[in-house]
Amino acid sequence: MSIAGESTNWEPKILAFLCNWCSYAGADLAGTSRIQYPPNVRVIRVPCSGRVNPLHIVSALRQGADGVLVSGCHPGDCHYLSGNLYARRRFALLQRYLTYLGIEPGRVQFSWVSASEGGRFAEVVTEVTEAVRALGPAKRLNVRAESIVAPMELS
Amino acid sequence: MLPDEIRATIGEWLATGEVDLFIGWEPGTVPLTATPAFVRRPDEVDRLIWDATCEHNLARFVRPYRDKTVGIMVKGCDARALIGLMQEGQLKRERLRIVGIGCDGVIDPRRVCERAGVESVEELDGAQLEGDVVVFGDLRIPVAEVLFAGCETCHQRDPQVYDLRMGPEHDETSLADRYAHVEAMAALSEDERWERFTSEIAKCNLCYACRNACPFCYCNVCFAEQTNPQWLTPTAHDPDVSFFQIIRTFHLAGRCVACGACTRACPQGVDLRLMLDKLCADVAELYDYVAGEDPEAKPPLTTYRQDDYNDFVL
Amino acid sequence: MTLSCEAPVVAGMISRQALEEALGGWMQSWRVIAPVRQDGEVRFQPLDEPAAVAWDYANAKHSAKGVYLPQVERLLTYARTRDDLNQVKATDPPAGPTMLFGLRPCDARARLMVDQVMVDGVCRDRYYAARRDGTVVVGLACEHPRSTCFCGAFDSGPYDATGSDILLRSAGDMYLVDVVTERGAELAKDLALEPVDDEHSQRAEQAQAKAEGALRPMERLVGIEAALEGLWDDPLWQEISAKCLACGTCTYLCPTCHCFAVEDRALGDGGERVRAWDSCMYAGFTAHASGHNPRPDQASRWRQRVMHKFSYLPENVDAYGCVGCGRCVVSCPVNLDIRQVLARVWAAARTQAEESAL
């Protein structure tokens, strides 16, 4: 649970939207290659990075994600030809907008990782995890930050 | 002032059936207020007015009538909205008869209240517009001093689409001033920006007037009212309000024509321009695009270039 | 209609200073909510100090209904903990008696009207009752009705004592104190009252005549439910609703509107159930889970709004869902004036009567 200040062993909780054809496969390759990377990332597989709606990203922050990563194919390599190109414009604007409104830069990140780039995937996840760790638990937009319910105690 | 020949032409359009309906403005029941008028008969055209109280973006009302032929009065900004709706395939040009108005801005009644030392607009009883001056008792206030803030930095006061034209012609103004408030916000620290954003939207009570006044918010089911999935609970708690504001404004990226209807409709005085102008500024900077100029242009989020801005990607 | 009261009894008169002293005393044992100036507008707020009362206010943009029916209200919370998988806690509304000080007659009557639905009718809303029970109202008669006020159309007026326990009437440098109810009589004992002299009595009466005369003439609305009976299929609903933005501002500001939705918010290991204001102006208000919506357009929603306020409520609880405060008229972004709508209703009913007489 990412309730601010509730626990001293807080770990960043990062939601990663990975496109099925490139980034998810790249993540899979990182796994089969036994490359170590931080376990903080929860993966949601999508057909294409263009499928990711700004609603998903902001909703993730609202529901308590400390960070959000969206990763797709390199421009020019999209399995659906242009999905990631539409996504690129959408995400460029969204990231600038969230930063402008005061959401800490580093919480919402984007990458292009291909199916053969297991190592690159691990690098990206490590970079994003460390950036979010440095920022601390996400409170802005987090509906649970004002929650009055007690977190479930862990044994 | 609505010129007689324009009024007569509108009457003819209605009499001959060239339009099924004409949407304009008529005087309101609250001082310094106009109200949208839906006119169907030639003898009703005498109700129509044009002056600096005609602040509503009437383009918002056209879409339900898009299978009819509709006449409409539009200021420079409203005309941009019509162009945008045409771009999005929501309106057909041949189904519209447009009276375009070269506009010098609309007044902000709240500013008039401040100058007059009253708290609320209905206390301006007897206030009138005489030409380009607001007259209230002994007070004479030039309209130019009590304009709606967005009008002061309007980048295109002249309608870019019309069948009939009225009002003054203007030289093109530069866009530079328009983003001054965005630049000022961007220059603040991250915490200051968050503070500014949250204090603005703290005023919001999720009434959706902004969304409903916007010509581009026409989804059959708005994300805010979707139940499957339910994105937000309409509780007017801060995380729900900020979620609504961020997403609704973001849905206007590349589409917002900066008409200001949302900001004027807001009963709480939330400064929505501060958010929307940022999106307009980024769209202009990154994709060299200003909404509402060219009916043939593709809105920026419906297209792409191979060499689009990529530096933000890890 | 039940929204009336027996003639109040003049208990005496009091200076503003003495009233403020009394307020200081009341603030020790009551939560006093009064009109206060903040950020350039008048709002109903808990009073910090007696001098903060905005004595000369016209009316606040927002009604005072948030005091007894908050916009968002937590009804219960639930949580899972290690030991208890199902902890449900009902939240208790704030305790402690509340005084609404300086309420205008329209708002005082509005509160009585909402009471008819929420506590005095077939059921008793426990959360509303907890906030409302024990509340006293010190009303402030309205010397300067605005051009948008129409309380007179309900056989009421700016000096109506209905809904107040005490009504204050300004008489220049003094206020006349009218006791309306037994609770008001109790409260009046805390006031340093002087006997009323002729001069002040006359001043108060003159102010009342002036205020009542200042109301814009409007066709009487009492009895309009009969006019609405035959108008279900009338085209007027389509016409008057054409410019409505469905923003709900009117319902939010209205002191008699009380519709709400109950929402559950899951917050991971627990959650909360909240009650929040809802609006019949919204499409989602009557949207069914099946996708069907019995009020699919703004015309049917506007018909409902008018019928609810001017036909169903009078029939069910013997009170109109409108007190003529004019807030909706002032704040509607498209100036959809309910007075004009009601005039159309009368006109449509007359046309119908004429046509059926032929």
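Think of it as A, B and C in the order they're written, each chain with its own count starting at 1.
Going forward, a residue touches a chain if its C-beta (ideal position, glycine included) is under 8 Å from a C-beta of that chain, and two chains touch if they have at least 3 such contacts.
Note that the coordinates shown come from a computational prediction; the quantities given were computed from them, not determined experimentally.
Enquirer: Tally the contacting C-beta pairs at the A-C interface and at the A-B interface, and name the larger one.
Expert: Here the pair linked by more C-beta pairs in contact is A-B.
Enquirer: Find the most central chain, measuring centrality by the gap between its CA centroid and the centroid of all protein CA atoms shown.
Expert: B
Enquirer: Round to the nearest whole Å and give the separation of the Cα centres of subunit B and subunit C.
Expert: Inter-chain centre distance comes to 32 Å.
Enquirer: Round to the nearest whole Å and give the separation of the Cα centres of subunit A and subunit C.
Expert: Distance between chain centres, rounded to whole Å: 48 Å.
Enquirer: What whole-Å value do you get for the distance between subunit A and subunit B if each is reduced to the mean of its CA atoms?
Expert: Inter-chain centre distance comes to 36 Å.
Enquirer: Please list all residues of subunit C that touch 2 or more other chains.
Expert: Each of 265 in subunit C touches at least two other chains.
Enquirer: Could you list the positions in subunit B whose residues touch two or more of the other chains?
Expert: Residues 237 of subunit B touch two or more partner chains.
Enquirer: Provide the list of subunit A residues touching at least two other chains, using ranges where the numbers run on.
Expert: Subunit A, residues with two or more chain partners: 143.
Enquirer: Which of the residues in subunit B come into contact with subunit C in the complex?
Expert: Counting only subunit B, the residues touching subunit C are 28-31, 33-38, 56, 60-61, 114, 119-123, 125, 205, 207-209, 212-213, 225, 227, 233-237, 264-267.
Enquirer: Mind listing the subunit C positions that touch subunit A in their complex?
Expert: 74, 77-82, 265, 267-272
Enquirer: Could you please specify the touching residues of subunit B with respect to subunit A in the complex?
Expert: So the residues of subunit B in touch with subunit A come to 182, 185-186, 190-198, 223, 231-232, 237-240, 242-243, 246-247, 249-250, 253-254, 275, 278-279, 282-283, 286-287, 300-302, 304-306, 308-310, 312-314.
Enquirer: Provide the residue numbers of subunit A that touch subunit C in the complex, in ascending order.
Expert: 1, 63-64, 143-144, 147-153, 155
Enquirer: If you look only at subunit C, which of its residues touch subunit B in the complex?
Expert: Checking each residue of subunit C against subunit B gives 40-42, 57-58, 61, 71-72, 146-148, 239, 242-243, 245-249, 252-253, 261, 263-265, 274, 276-279, 282-284, 287, 289, 326, 329-331, 333-337, 339-340.
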